[in-house]
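Since the structure comes first, as structure tokens, the remarks are kept for the end.
Labels run A, B, C, D and E following the written order; every chain starts at residue 1.
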Amino acid sequence: EIKIGATLSATGPASFLGDPEAKTLEMLVEEVNAAGGINGEMLELVMYDDGGDPNKARTFATRLVEDDEVAAIIGGTTTGTTMSIIPVAEDAEIPFISLAGAVDIIDPVKAWVFKTPHTDRMACQKIFEDMQKRGVTKIGMISGTDGFGASMQAQCKGVVGDYGIEIVADETYDPKDADMTPQLTNIKNTAGIQAVLNPGFGQGPSIVTRNYKQLAVGLPLYQSHGVASKGFIDLAGVEAAEGVRLPAAALLVADILPDSDPQKAVVTAYRDGFEKKTGTPVSTFGGHAYDAFMILKGALEKAGGEPAAIRDAIEGTTGYVGTGGIVNMTAEDHLGLDLTAFKMLEIKNGDWTIVE
Amino acid sequence: MSELLQFLFSGVTVGAVYALVALGFTIIYNASDVVNFAQGEFVMLGGMATVFAHAAGLPLPLAALVAIVGTAAVGVALNRLAIEPARGAPVVSLIIITIGASIFIRGAAQLVFDKQIHTFPAFSGDDPIRILGATILPQSLWVIAGAVLVFVALWLFFTRTLLGRAVLATSNNRLAAQLVGINTNFVMTLSFALSAGIGALAGVLVTPITLTSYDVGLTLALKGFAAAMLGGMGNPKGALAGGLLLGLLEAMTAGYLSSQYKDAAAFVVILAVLFLMPQGLFGRKSTDRV
Amino acid sequence: MKLTPKTATLLVLAALVAITPFFFPSGYYYRVGALIFVNGLAVTGIVILTGYAGQVSLGHAGFAGIGGYACALAPVHLGLHPALAVVLGAVMSAALAWLVGRPILRLKGYYLGVASLGMGILISMVLNNERWLTRGPDGIDVPDLGLRGVLKDWGLNLSNGEFWYFFSGIVMILGAWAALNLHQSPTGRALRALHGSEIAARTVGVDVSRLKLQAFVISAVYASVSGSLLALQNKFITPDVAGFMHSIEMVTMAVLGGAGSVLGAIFGAGILTLLPQVLTVFAEYEQMVLGLVMMLVMIFLREGLLPSILRKLRGTGE
Amino acid sequence: MLTVEGLRSRYGRIEVLHGIDLHVDSGEIVTVVGANGAGKTTLLRCLSGVQPVTGGSITFRGEALTPVPAYKRLKRGLAQSPEGRQIFTNLTVEENLRLGAFLFSDDRVEKDMEDAFQMFPILKEKRNLAAGGLSGGQQQMLAMARALMGRPSCLLLDEPSMGLAPIVVQQIFDVVKGLKALNVTVLLVEQNAFGALKIADRGYVMETGHITMSGTAAELIADPRIREAYLGI
Amino acid sequence: MSLLDIKGLGITFGGLRAVNEVSFSVNPGEIVSVIGPNGAGKTTLFNMISGVYLPGAGQVVLNGEDVTGMRPDLLARRGMSRTFQNLQIFQSMTVLENAISGYHLQERGPVLADLLGLPSSRRRSKAAEEGARALLARVGLERAAEREAGNLSYGALKRLEIARALALNPKVLLLDEPAAGCNAVETEEIDHLIAEVAKSGVAILLVEHDMKMVMRISSHIVVLDHGEKIAEGDPATVSRDPAVIAAYLGTEAENADG
């Protein structure tokens, strides 16, 4: 029997992400065991809920390593929890696949640390690419002050220059805020703005989108991959969400993918399985966990239960087709995704469409 | 000009939300000197229960009613099962009980409901009302009206009715209250029912604006608490004024200074006010003599 | 010789720190133990402020944040040794407490609560927002204390977990020792007196505002050192240490265990640190059980776990 | 009217009433005297129901009183002016009095309030002031007046003369005496034993939780032991 | 010059002149009683003298120094000590600790020494404890020393307050109704105690409604009514003053002899 560990933020401020991740892992382990395990060995999943608290995450990581003696760790829903797990994994030399966004997790590369979600820098790049295509040169930005929003804000500021775009208004909001009209009013009143970008996840972006419509700003609005779930459209309201663009993985648009798309089969199967099992709509975050698990599974099949061998096998992952894209890891790249993994989506009539 | 007006609208909307939560604090505080940190959970329950009752097929008004009554029942249960048995315990112990209760309710909500974010349609549509270049949503007017209404009702209750007086007497001196024939247990039950009901009402009114999920309670409780203290705990006037002021402060800071430090500015003002008026704006001074 | 409460408490604590490791099945338990001690140190400060002097703070995590970030930043930016960074953090916390304490300690009860809450939130906001310095909500790395290496050179080879267990344990016992000294000392008595009646304390000559301020500063130092230890142990820190929840946690630990006594509060820290670890078996019921435990303890053991249990024991003993 | 048999009560583990027997007949004024800490206050607290009884019985107008919760005892006719006054400091004088008549909402409330103001004119002057601002003696008057607002048939007074000016002490004792005419029964705990015994019909002496002596007021005043131990003569 | 000089003290509360232009003085060894009807302003006067209230007018001169409106703790350092009409006990401390806290000014020292439990700190505590035990014996509370103060009966608490006030070793002692809640015999014991303290050279200012006590031990009596001083003099003079009898004494004077 092989033990794998997970510490996720199934409750707390990031439960929006952690909850589908946890459910996905449970579902997949069940499936694998039902199919006879890996190379005949059953999987045991030891999963803890760190509530989004980095200190707790570290304790649970220690527990997974020292007490449960797992072969590998999946988790770290947020960048904060991930960063506090890293020293534990590195010290104990246990492979660790993070589900958090920040590029810092794998840059610089750490021997035992991998991650599956696109980095926030990639999201920025994808968005700016699209803006560039539309001839946008001046934008306003409104970001959440949580880890996700703040980190993406910083990354976007870092790469925005590469696209000849200038951020002329830079506002923030607290993730639990009820109204963002003051910030949006300021953005609206800033001369020359051609588009607005809103890095953030949870309810903030929905409220931003509603307020955006309330104020009739009338410029293209970009959201981040943090809101890539069907729920966003419902919460923001179909009218308000009309025309909003965001970068996202293929998972969200499984139905409208062309049949030729290599990801189509994978994402459709995962989505159907997840929605059947949990009764809740699928989100990209669950997809990150799916990818992490599948990559780990591939490595276990190849390498057996030895941590060092698993690590090497993960690093050797090539051509893995997941919900996030096609993964090709190397010793220098512990993510293995490129910009093509992202699709630029636009909301039309309450549904996703793919922007060419 | 329209900018200022927009900030004002935003501030009043958010302020009314805070005021509703702060008003909820008032009653339990007046009956027992306890700041009920589970107040935010009542707001959450109001919103979430409405969402789920609505989804189960009840028309919205009925769903809201069910949610309010149900939450009031939770309030009564909280008093009966947790506050009443701890009678005579020091106030800090009671506060820890309410914190425990809020954790419990939150934990229960994530099981009974779910961990998703929800909303339901605004009562009178989403078309913003335009005034002098600024806009406000009709739902904001509902929230503001709700806050004012609850304020007036509470104010009348505490100043015009014998029962309201009895509530105040119960916290002022529970022993004496019993000696004059006040059923202090009933007063407590009533207070919790009312507080929870008002909290749930707040949840119903604000959900179309703020959205809701199992964990919205904590932030609301915190802001409501700050608002209530700014205005002076225990006084409905203070709750209303404190809530609106806090909302306006946040909006003005976000608009004119820095959105990053808008909460900071709010707290700086609270500190400044308390420095000058240690009982908040409308708080009563304790009149005990030596 | 009669065992005074002070020596009894210290003996119990020392025995706990020294003996429990013999029963540890794995290294993870050292980690949990170390966390208990770090929290125990922080709540000992709360005992002085709240238990003795009766002043409630809902913002003490702010000081833990200062202590923690001092360890992250001072070595990098000022070239200080991490151990000196702990001292620097404590000094900064004390200075801030001294500055802020003057105006806010005039407030009473919930008003003090909300003012200290504001202070804590301001600190955590700075840590969150000033990315250029703190790297924001995602946190920042903290250098190694280096003491483990020194001990190794002296022939004492401890694992990381063991080292932090014993090191935090010793610091906590030192903290408890000082708090116990204070309890029976003139200052401690004056603090407890002003808790009982400020007016009466004044008329016996207690400079009430000064004493409250002293208690506030001392407890800030406790919180700060606790934050430093946590940061050094984790080698990583996020603004969460300074967050409101952490402040509430400190007060809850103290009150749950018995805010009036050092041993009680540390006991509370132990319980509340252990609970989430134990409750993992309840999976999604964890939160509910945690809330339930808090309520039940306060309902049935209203003076706090330890004092109530001791009272019950004594009650049957007689 | 009021019969107490074998009453025991304790604070935590320490018993302070070790079996008290006493009775008060209808329309009587009965006084209890005793040193500091004898348990007089505890006795009255048991009678008004705010102190748990651990043994014995209390019968009031033929009914067992022990199971009746404190707040219902006023309805039965039992009012108390407690030790330490226990007024509602945050409410006004008038609100205090109004709450004294919490159980009633008829016209008599107004009249009773006027009577109270007549008895203690200073309270009328201060009717809109927070009661916490009153002087000690004024608070004592308020406590007494509030108890009377409850229209008791049996009044329990715990040191009603404490902190009052001599001229008011007289007045208070006159009022108590006057209650007799209204057929109100009074149980009076007093440190001013002399004044109390002068208006009382009977008296009890309490020492460390026991009744050690009882008799008519005249007997007690004449008793040399009492004169020495309590009257200081 | 007397030890304590009250010069034209006055204060108003929302239009009410609670105390108006009151002057008198107290010398070492003297017992000056302030009497008057309820609400006359006696406690308010005490509160102004002891720095609890800020006087609206007038001066308090202690030992030649103007101490008007000075903080109570600074007054304590200058030798002023008081008890309260509304008990101010440190409820959750033991009786002994309550008494020891009266020694605060003598026992206090650097916080650091207290935190580190230095011998100096322990020495200071020890000395205070010895004094406190002796004082408790003096007020008849030695047997209650280890009890939690909140559990004492009213009369016992009154005596505890006196002990605590005495612990300061004051030059001026303000006693607000020290005998309230005590019976005639207990009152007499307090009588003796006060007289003894006065004899040791302490200036005592006393508010008390027990006329027997006041007449017995006062060297001088000041009568207040509605905040004004309406009479003063030695006990005999005052007790015969018709204004005093009308406003305050009533016919109690005769009764007391019965």
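Going forward, contacts are C-beta pairs under 8 Å (C-beta built on N, C-alpha and C of every residue); 3 or more make two chains touch, one makes a residue touch a chain.
None of these values were measured; they are calculated from a predicted model.
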item: Path length in the contact graph (chain B to chain D, fewest steps); value: 1
item: Chain labels contacting chain A and also chain C; value: B
item: Common touching chains of chain C and chain B; value: A, E
item: Most remote chain, CA-based centroid, reference being chain D; value: A
item: CA centroid of chain C to CA centroid of chain D, Å; value: 49
item: Whole-Å gap between the CA centroids of chain D and chain E; value: 28
item: Cα-centroid distance, chain A relative to chain D, in whole angstrom; value: 73
item: Residue list for chain B, restricted to those that touch at least two other chains; value: 110, 260, 263, 288-290
item: Sites on chain E at which at least two other chains make contact; value: 43, 52, 84-86, 88
item: Overlap residues in chain A, where contacts from two or more other chains coincide; value: 10-11, 145
item: Contacting chain pairs - touch in the sense defined above; value: A-B, A-C, B-C, B-D, B-E, C-E, D-E
item: Complex interface listing, chain B residues touching chain E; value: 288-290
item: Complex contact set, residues of chain C against chain A; value: 25-29, 31-32, 35, 128-129, 131, 136-139, 141, 160-161, 230, 234-236, 238, 240-241, 276-277, 280, 283-284, 286-287
item: Residues of chain C that touch chain B when the two form their complex; value: 50, 56, 103-104, 106-108, 110-111, 113-115, 117-119, 121-122, 125, 129, 199, 244, 248, 251-252, 255-256, 259, 284-295, 298-300, 302-304
item: Residue numbers on chain E that touch chain D, as the complex places them; value: 13, 36-40, 42-44, 85-86, 151-156, 159, 177, 180-188, 209, 211, 247-252, 255, 258
item: Residues of chain B that touch chain C when the two form their complex; value: 35, 82, 85-86, 88-90, 92-94, 96-97, 99-108, 110-111, 222, 225-226, 229-230, 233, 260-261, 263-264, 267-268, 270-271, 274-275, 278-280, 283, 290
